[in-house]
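You will see two complexes here that share chain A, one where it goes with chain B and one where it goes with chain C.
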Partner chain A sequence: MDRPTTPSRPPLRSVLLRSRKHTVLGVDPQHLIRWFFGGNASIAVIVLVLIMIFLLREGIDFLPTYRHELQTYRRAGLEFCDIIDQPLQQNQTLSSSLRQAISASLETLSKSARDRRDAAFLLKRQIEDKTTRTSESLSQALEKTPPLPPAELAKLRSEVQKAAAAASASLTYPDLFSAAEREQLQREFAALTPEVTDLPPLLQTLAADFTAKDREARTKFASLVQAQEEFEAATEPLQAVVDELKQHAQETKENAVEFEVLETNRLRLLEAAAKEKDPDEKASLIKEASASFTEAVNLAERIQAITSRATELREQVEKYAQVIEKAAAVLPTDAGTGVARTMVNDVREGIPVHAQAMRKAAAQLDSWRWDKPVSIFTVIGAFFFGTSWITNSSWQDFFGFVPLLSGSLVIAFIAILIATPVSVVAAIYTNQFASEREKELIKPVIEFIQAIPSVVLGFIGISLVGNLIKDVSEWSWLQWVPGFPIQERLNMFNAGCLLAFMAVPTMFSLSEDALNNVPRAYIDASDALGATKLQTVFRVIVPAGISGILSAILLGLGRVIGETMVVLLVAGNRIAIPDFSAGPGAIFQPAHTLTGIIAQELGEVSRGSSHWQALFMVGIVLFAISLLVNWCARAVARRFEPHKA
Partner chain B sequence: MKTAILTLVTTFAAALSLQAQTTLRIRGSDTLGAKLVPQLAEAFKKQGGKVSFDIAAEGSSTAFTNLASGTAEIGMSSRKVKADERTLCRSKGVSLTEFEVAWDMITVVVNKNNPISDLSKKQLLQVFAGDIKDWSEVGGTPGPISVYTRNTSSGTYKDFMGLAMKGREYGTNSQKMAGNEQIASEVGSNPNGIGYVGYAYAGAKGIKIVSIGGSAPSPAAVKSYPLSRPTFLYTNGAPTGTTKAFIDFCLSTAGNAIIGKAGFVPLSIAK
Partner chain C sequence: MSADSAAKAKPPPVVQVRDMDFCYGTSKALFDINLEVKYHRVTALIGPSGCGKSTLLRCINRMNDRVPSARVTKGEVLVKGKNIHDTDVDLTQLRKQVGMVFQKSNPFPKSIYENVAYGLRIHGEKNKNLLDEAVERSLRHAALWDELKDRLSANALALSGGQQQRLCIARAIATLPDVLLMDEPCSALDPISTLKIEELMSQLAREYTIVIVTHNMQQAVRISDFTAFLHLGKLVEFSPTEELFTNPREKLTEAYLRGTFS
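Up next, the complex of A and B:
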């Protein structure tokens, strides 16, 4: 099409010159536009700096606050009690093993009786569930005043009977019962009504059978049962002393904390009163201030009551250690099963270790000083290397970072392990092998994943993935997998799978870009040398794009570490370091995460408390981790950048 | 985090009406706020209260933080206010007034297929403190116990510690769940699970109630059941106007009927 020429257009030079003549308030509009654009860019930077300042401002006070709390913990004598109380918990662990050993031993005799009893009760329960509606309406009718006419009651009764008969006929009775017993069970179940409270006769017999068998088993393994009871009872005198001291320490702490709160309040009120002009208001403030007064706690005197008992405590520990060592020596070797024998042996070996630990703890009591100041390094150590995160406790709050960090890291590791092969391989395929039509399908679909809200994924994790993993873990031919069958459907592996799914779009897109950026000349050269397509891909393109792929993986990691909603809903929220002694099966344990704890607890704590500051501290660390990961991603991208052809 | 925010009525008609409508903001316990208080609010409106409710239930601690900062008229709590919370409120010029509204029974639940139907008080303590690790130790089918508890903001979390655990800490193997419903669903799906819920939630699918030392929770046995506890509403100072009307309604016979139906024990029976 030919366009008519436009001779009326002014020459370019004059247009440019003219535009300079327009000014807004003496400023060139071009400058204004530049500032506008530059301003927008700097807003992002300013907001980021503000976020950092805010996080630091709220979080940095944590260290002094926590230090103060730990100081109170020490001065009130709580630490002193914990020296003995903490290792004493080991007694329960050993006791637990013994109880399990006993139960396993008893089972050799009583298992069949118990299974039969439990199965019968389970069946009864199923019948009751199936007849709930009719039996409830009958019992409601029976309670009515005035009583219903007998005819109506009879009708309800017959309905209940009909339902019970139908339910008992529809049950499958396990092979544990003989044919005659099955028949009797069915007959008895059919007669179940809410009006009869006695157990059906056969159920009573089964229960009695079990009790008899259990008693028989207990006589057979009497020595083991007795050893367990003695072992558990051995703590009692020591525990009594510790509990008494603990109560005293707790009281001291409560009084000290109350005094502090009231004192700060009083000083604040007095300060307000000093500034107040209105005499009435001033008087009321001063009055309120004087009401907020309590006696200061004499810590030195209170602690005396605890430390003076150190000798007694040491004697008790020594006595306890001797008793349990004696118990270990006479621990019987004849347990019922192999498992039980192993457990008893473990306990026999565990007791001397435990006794030794108790003695060591008792020796520490002497060197403990209530007025030894808590150094800031101890506090930093207690936060970054602390192994327990205990909040809202009635004894002492501890903010230890390790359980949360380990949960976050394990989940991120699982997610990256799953997402990396999927996204990188998908990127290679899309970039190198896929036809145009396939590309048009794959890319938008993968990028669409990003649009799924994470809370929706969380619900999928609870209701679908969790059950799926659990069901799969119960397949008999998969039992060689460590950790199978799994116990919890909400666990780190579940969360890792979902996070992998969330990380795939980021990692896929960035990897694909990286492959796209490989200079055309490399590929041409490889082709010219006669390489096949596969050789070109794996020997030339992937190595050339490796920096981009690595930084894609790192950015995916950043996305995974920071994700909150999914881990909060799916990870199981158990605040403990995963038990890595379980081997790779540990990934099926529940855990809590850095992001999850902030989301779960921040809404509920009072502003400015140590718990609030601790959560901000976790936020700061999380922020630092994200920055570090991003910085690494950039560094990697620069380091391995292919030389531009 | 399960944020059960139920903005109950902001109907179009009400929005159009020229009469200014008061909003009651109620914050606090999940035990009270998920079922009971919304039902009471609904009934209160039906009987003619021109008021809209804004209820958020995220744990008893939030009742006091909200009352202190003036972002709630009524706080719901499944435990008594702690001394430091009272001090916090006082320092912000808020004096708390307490109303006992109903009794709740913390109900210990296990999976329906678990043969255990009774635990002694000592066993219960040991299970939740992590001393007992395996069901075989209490006479059940061998298998590691999974303990589900509420999270730390919950009044039930704290109450259970006081009522059942003599102030001991939960074991480190416990898993902290956001609400009663979540505990019920996890215990219902895990044959080795144990947890506790408010009595109103004990009827959920797949779980069964465990009696404690032979005492099973039921409205008639509220005094003898070891894990019974009162639940409270708190206001700033003596309530006035709509707040007072609503609290009076909760304590009335009509309110008691709703409390009973929602699975709590009204004061008329508990006292």
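Up next, the complex of A and C:
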């Protein structure tokens, strides 16, 4: 611009930044500097776009691939078998609860006899343990050839007797036995030697007692036992037909897949041959290609073997349904203890539903067409609403997204539910009530949590939190908590707790910033009206900072959903939709997550397979969720931002 | 005798400042201030920047308490005859008696209604009817009722600057304070809004005692009954406004009024 009026040379800086005479590669250096700065600023945008493109490139092929797989599933008749096979699984669930009910019922009658028998045998085992050394030396001596002199044997025998007497005297006999019985037991135990193989008489009596009681119980609940056996046996003829069809269908599928592989290979060879210039090479390629030629599988013909059995299958289903309904009708209403009764009642109600489901499934067989094309919407639905994620299956792989999504969401929900109060309250305290010294302690400590590697947290979750939750869940006065006592140490609640811990620093810092940004003037006004500190905080500062706090919570949610290591280690990795019918206790079930599945499986699948693509598809969805959550956080911050006066 | 009878006839001064020294840490901000604010009168505090006008104003409702190390080191401040630094004084009650309006309008990011009702709510008023009445009365007194009665639930931050400042006045008078402190209430406003606020103040003076800090000497002349001139932390002159502006006793006052320094 303005040239310095002094004759001296302008300083270097002005030459660099202002001179218009100098150009670098024909470009004004000012522009170069601008581009350099602008380029650095846009790197983030470029990388983000590249990530999106890469994810989409790998993942978008998933839909056609999965469509093709589902088509094979249908063409080969696997789908047909599953129509019947899937609802039939319910039989196992029902019969296993029946079995449990039976053992619970038998328990009520035979428990005391069994306890007495078991206690006596336990005592005998203890005696034997204590006298092992002496009795072993005796039995070795007895086996020796030529036999030892009787005097030595007698000495060993007396040693055994002494040891047994001492051991039997030192035992504590439980209250299950009366005084006379205890005495008799002690006497009999003292007489135990390896030479006598018969059980002591009292033990024999106890065992006989139990057998009698058990038999009595079984006769009493004979109808229940019989119903259970009938119910279980009812599937057999149906299952036999289904298994036969399944085997046939699977053969078809294997052949079809093999044909496809060979055919693709052959076409590739031919293509290479067409491009090849060297005639020898070309000839050998063509030869190789023709070697891998196979007959295509005649799907229409093979499916005949399956569809022709539809009528038979329907009849079998009807027969099965009638048998189990009959079994349900004879289920006794008074089956022992309360637990058993509820179980039996549940089963009695469950059987007609199951039978109905089977009949409905059988009715579907008619409308099923092997050559009906699989529409792309079906495929999208099968991915986004599919309830099973089954990979490396010998039958059929399914990539249903719901189990993973539900695991991720439940864990994130737990984590946010725990982390929100903790971090927001801590932020309010630190920002408004803490002294300077407290601030100096609290802020760095909370922010340090962020520096803990997540794998270390996962380790803590496995070794510490899991055991802690399990122990606590066994405290008798906490049994009213749904889900207690818990079955699995590694579960969604455990992962949620650790993720909450990880989300706290983010949410704390952002909430604290939000409170800090509340204009001083609001506080002045509230103070001048005579508000107490608490009133100012809860009526003015928190409401004014609520947008920032909400956005902090949402950003915490984004962090929690994207976290991988902790959930992989701690969530239990069971790929199933949590059983929400168990009520709030469902949070103590293990689950798998969107992030965890990618981390766990991506390293093991072959590149480009449908499984690989499915994982990328999961990645795309995860990416979309994160974007959405972040966008919401920004929108919330903007929406509730008070207009600046 | 005559002094006694006069005191009985007239209400006592609402605010009395006696021999007060005030310090921020080790630096003294106010020296030996003596001031009496008369009942239902407007008292203006004028003086050059940094002379301690605002500090003196904030001594009256102890807003200075919030600044660590700021304290009154000598003398006392009485509101309605009660020393406000006595240990039995409830700060929230004091501030209910002594309302304050700030330089920059600072309505809460809440509805107009909630802004006005805030003072009553924090002092425990829950009765909806009483709150409604108080809001209407305060808005009427602040000459806002006719403008805003149809949109009481609108966000206060959507109002214009002048309306916001009048809303702040309405908020301050909702608790029926004895004294209303105003810290340069018009300095951020345009002339028309300033005029409205000045009109409002002369109306309010019928029912409230007002202490106003102002930079604008014409404003002091227009609205105040008494004027105190402060310079470098000292109260140079305190007399009826007309007297101070037409016939100042002190040379310093005269020089300031003439604009020799500011």
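Here is the rule we use: the second predicted complex is superposed on the first by the 504 of 645 C-alpha atoms of A that agree within 3 Å, B and C clash if a C-alpha of one lies under 4 Å from a C-alpha of the other, contacts with A are read in each partner's own complex, and residues count from 1 in each chain.
The rule is simple: a contact is a pair of C-beta atoms (placed from the backbone, for glycine too) under 8 Å apart; a residue touches a chain by one contact, two chains touch by 3 or more.
From a predicted model like this one, the values you see are computed outputs, not experimental measurements.
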Specify the outcome, clash or fit, for chain B and chain C once both structures are aligned onto chain A. fit
Which of the two partners, first being chain B and second being chain C, lies in contact with A:R539: first, second, both, or neither? second
Quick check on the superposed pair: does A:A227 touch chain B, chain C, both, or neither? Answer first, second, both or neither. neither
Which of chain B and chain C A:D527 touches, first, second, both or neither: second
The chain contacting more residues of chain A, comparing chain B with chain C, is B
For A:M358 in the superposed arrangement: first (chain B), second (chain C), both or neither? neither
Using the touch definition from the top, say if A:P519 reaches chain B (first), chain C (second), both or neither. second
Taking the superposition on A as described, I'd like to know which of chain B and chain C A:I446 touches: first, second, both or neither. neither
After the superposition on A, what does A:V297 contact: first (chain B), second (chain C), both or neither? neither
Once the shared chain is lined up, is A:I575 touching chain B (first), chain C (second), both, or neither of them? first
Min C-alpha distance chain B to chain C after superposition on A, in Å, is 50
Of the residues on chain A, which ones does chain B touch that chain C also touches? none
Contact residues on chain A for chain C in the complex? 519, 521-522, 524-532, 535, 539-540, 543-544, 642-645
Chain A partner contacts - residues on chain B that touch it in the complex: 1, 58-59, 61-62, 64-65, 68, 83-85, 87-88, 90-91, 112-113, 115, 117, 126, 129-134, 136-137, 139, 141-144, 146, 151-153, 157-158, 161-162, 167, 169, 172-178, 186, 189-190, 192, 208
For chain C, which residues count as touching chain A in their complex? 61, 63, 66, 91-96, 99-100, 102, 104-110, 118-119, 121-123, 155, 157-158, 161, 164, 168, 171-172, 175
Complex contact set, residues of chain A against chain B: 92-93, 95-96, 99-100, 103-104, 107, 114, 117-118, 121-122, 125, 254, 257-258, 261-262, 265, 268, 388, 390-395, 466-467, 470, 487-490, 568, 572-576, 590, 592, 599-601, 603-607
